[in-house]
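Same chain, two partners: chain A is paired with chain B first, then with chain C.
Let's turn to the complex of A and B:
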């Protein structure tokens, strides 16, 4: 059976798993974005805390995802909860890094001018600093999205949802009927989803960035 | 303390009334000491800034002039002493609330790059809770006041403006909620000299209308002399070396520090004290768009001139044309505006006029009045004459002091 025939044959399962995969990534990404933004807003005013956040982010990204899933299985029985927790953790790191850098690079003269006009700290953050750091934050979200697409495949190892099941079942039956097709189908579907999600995020980023600071 | 209510209601009750005057600012024994520094940045300064005047803080860098300015709107908190705006002590007011009623302009204007010009100007009215209609009306009015066409500029983003235009929007934004007091921190430091001169002229014109209390920090003594009703010359630690009118400071520097700061050629500096409106203007040969070139040439030759200044239908100068250029057929049917045309206003100083003459290829500079209408020209001989007169005057008074 060729890859094309395989895909046609398993289309309903493949499309269902793709949907699950995408849904897992998008939901974890949403949690990650909210958490990262909140942490960055707490951290960026202090240089020390900012540096701490940046190094936690670098160290966190070196943790092998396979190992993290393995550890989480020991504590959490539910595969879906494990998957979301692990993906949200990884997703937070690049967004946190970009948000801290973006927020701390806002021209201090502008911040002073905002304060000088009588804008409160919160108003300055919401109306000046976040909008100006937004393009950098969106870049962080896109990096996270790409990364999570790959890591989400490992969720199947913790009996989570997604396209990982195609890859794992293929790899475990190497030499068997349709083993390569199964791994290929899962991998290609992930690549297609990743490209699609990136296009959407890019468009969203452009639409939510002021024309005055668009490159 | 009757708290801040009266000020608030005054300001919001009459936002469009140009006759609203500024409020006086009083500094009493103000000191700012940073932890870990032995000498205070500002040391026991007492100063009264009268309502409706422009007071310039001028001094060498590091003398604490900016610190003094920022203590007025509490961007920096004084260590001790009192600061009053009107009769209210600033430290008794909520800092954010206080700052909404104190205009603040910084170098480079500090416009928010992600907001349009209109939204930048609407920021403080928005913070004060003005409704949309009133804010929109005010934005148009402010753009008009700073000579930017609202239809053309309201929806632009700051990066689509020149440095000078950004600075004008900065002034419009600071004045949008009609604050009685305006603080300016080296606002014209980052623009080229020609634009700076225009912005200074515009500020003076604005002030004639608005009569705000303006505190203006600069390190440029010429700027201080040109703009200031009074100048406070500050030494390190913001000790006030002299606080007086520009004329008095130039005529009688209080001590060696002030004399050193004024520098040599005080007589030349006096050129900054003389305004274009104080000297006799000359008539140039004038032609209007659509005139007959032959008549224009005849008129110029009768006056013995080789160039003619062409005006548009609203009497605004467009460009100089030589007699040879006028000889071309249809020379006056359409004349484009020369964007580099050197012009000064009646409020410009003779120093500005001299600068303009030196940069233009003509020994004269065009003078414009209200709405940019042609008023006449200043000739280099006029400036030389004024310089001669000032020099003899300064000499005489110098001898009198000795």
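Let's turn to the complex of A and C:
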């Protein structure tokens, strides 16, 4: 059976798992974006806290995802909770880094003008600083999305949802019929999803960037 | 910046700027050193805790067969060798290839390749590893190949970006002084691009350590099998020891690579 025939044959399962994979990544990404933005807003005004946030982000990204899955499996029985927790954790790190860097790069002169015009701190943050840092933050979200697509493949081993199940079923049937087809289908579907999600995020990022700084 | 109106303030401002930059760099260096020391201390601490745990904890006979101080150290060493070997392959392929992509007729392929490299991280490492095992069999060889393929694109992107980032005026000046194209590459462009390239090498090492954790799936050894066995047999102690050891090793390798990065960066930068 060729890969194409295999895909046609298993289309319903493949499309269902693709949907699950995408939904797992997108939901974790949403959690990650909210958490990272909140942390960055708390951190960026103080240089020391910003540095701490950047170190946490870089150390966190060094931790192998399979090791984190392993530790979570020991303490949490539910595969879906493990998957979302691990993906949200990894997703937060690049967004946090980009948000802290983006927010701290906003011209202090502009912030002072806004404050001088009588805007409150919150208003300055929401109406001036976040919009100016937005393109950098969106880049962080896109980097996270790419990374999560790959990490989510391992979630299947922790009995989570997603396309990883195709890869692992290929592995468990080494030498058997369709083992390679199954692994290829899972791997390629993840790449396709990643490219699609990146295009959508890129478009969303452009649409939500303030008109004045759109390139 | 016209010289006639305010030559002195401009010069002074320039000097102040330089001094400020120096201060920032020095501060960064100090912080970097403190961070490195903390990082190494944390790794050693984690390994000590694991060793003490193995020695002291009340392990069942199955657990103690899987876990001993000797096994932990042997598997960690094996894991380290696997990651370094994969990273060496990655660097040996990616650096010359990256340099070629910035020369002459091959230059036009640089942009599309970097664009593809952006999606490299999305290709699931486990997919490549399983495919390598399906085509070439399980064990260390195919596993290393899969790791290397997974790591090449990001490093390649860094090499190309690094060399492209070198100020074209500097290159022109070197050529104008009569240096050959090759001399300019080796003595001007590569040293100036070293920080970016070395960041790529460190990323490769860390990436390989993390990905080598998947070795348990294809009988490639390293610390990964501890996690797989732990999950399969429901032995949380084995699982957690494996996971913590891999995390500590990744931090250790990251610290080591940062040291190499510093040593390799030319003094002038």
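Definition applied: the second predicted complex is superposed on the first by the 215 of 215 C-alpha atoms of A that agree within 3 Å, B and C clash if a C-alpha of one lies under 4 Å from a C-alpha of the other, contacts with A are read in each partner's own complex, and residues count from 1 in each chain.
The criterion applied here is as follows: contacts are C-beta pairs under 8 Å (C-beta built on N, C-alpha and C of every residue); 3 or more make two chains touch, one makes a residue touch a chain.
Since we're looking at a predicted model, the values are computed, not measured.
**Student:** Between chain B (first) and chain C (second), which, if any, makes contact with A:94: first, second, both or neither?
**Tutor:** In the superposition, A:94 contacts neither chain B nor chain C.
**Student:** Figure out whether A:68 sits in contact with chain B (first) or chain C (second), or with both, or with neither.
**Tutor:** So A:68 only meets chain C here.
**Student:** Touch check for A:118: first (chain B), second (chain C), both, or neither?
**Tutor:** A:118 sits against chain B, while chain C stays out of touch.
**Student:** Based on the superposed arrangement, let me know which partner A:131 touches: chain B (first), chain C (second), both, or neither?
**Tutor:** first
**Student:** Which partner chains sit in contact with A:160 here, chain B, chain C, both or neither? Use first/second/both/neither.
**Tutor:** Neither partner.
**Student:** Check the contacts made with chain A and report whether chain B or chain C touches more of its residues.
**Tutor:** The partner that reaches more residues of chain A in the superposed model: C.
**Student:** Quick one: is A:184 in contact with chain B, with chain C, with both, or with neither? Answer first, second, both or neither.
**Tutor:** second
**Student:** Quick check: in the complex, which residue numbers of chain B touch chain A?
**Tutor:** Interface residues on chain B, with respect to chain A: 73, 75, 95-101, 104, 106-108, 110, 112-116, 123-124, 127, 157-159, 173, 183.
**Student:** For chain A, which residues count as touching chain B in their complex?
**Tutor:** Those residues of chain A that touch chain B are 109-110, 112-120, 123, 128, 131-132, 210-213.
**Student:** Show which residues of chain A lie in contact with chain C when the two form their complex.
**Tutor:** Residues 51, 55, 59, 62-71, 73-74, 146-147, 149-150, 152-154, 157-158, 164, 167-168, 170-171, 174, 179-180, 183-184, 186-187, 190-191, 194-195, 198 of chain A touch chain C in their complex.
**Student:** Once bound in the complex, which stretches of chain C touch chain A?
**Tutor:** 31, 35, 39, 118-119, 121-128, 130-131, 133-135, 138, 206, 209-211, 213-214, 217-218, 224, 227, 230-231, 236, 239-240, 242-244, 246-247, 250-251, 254
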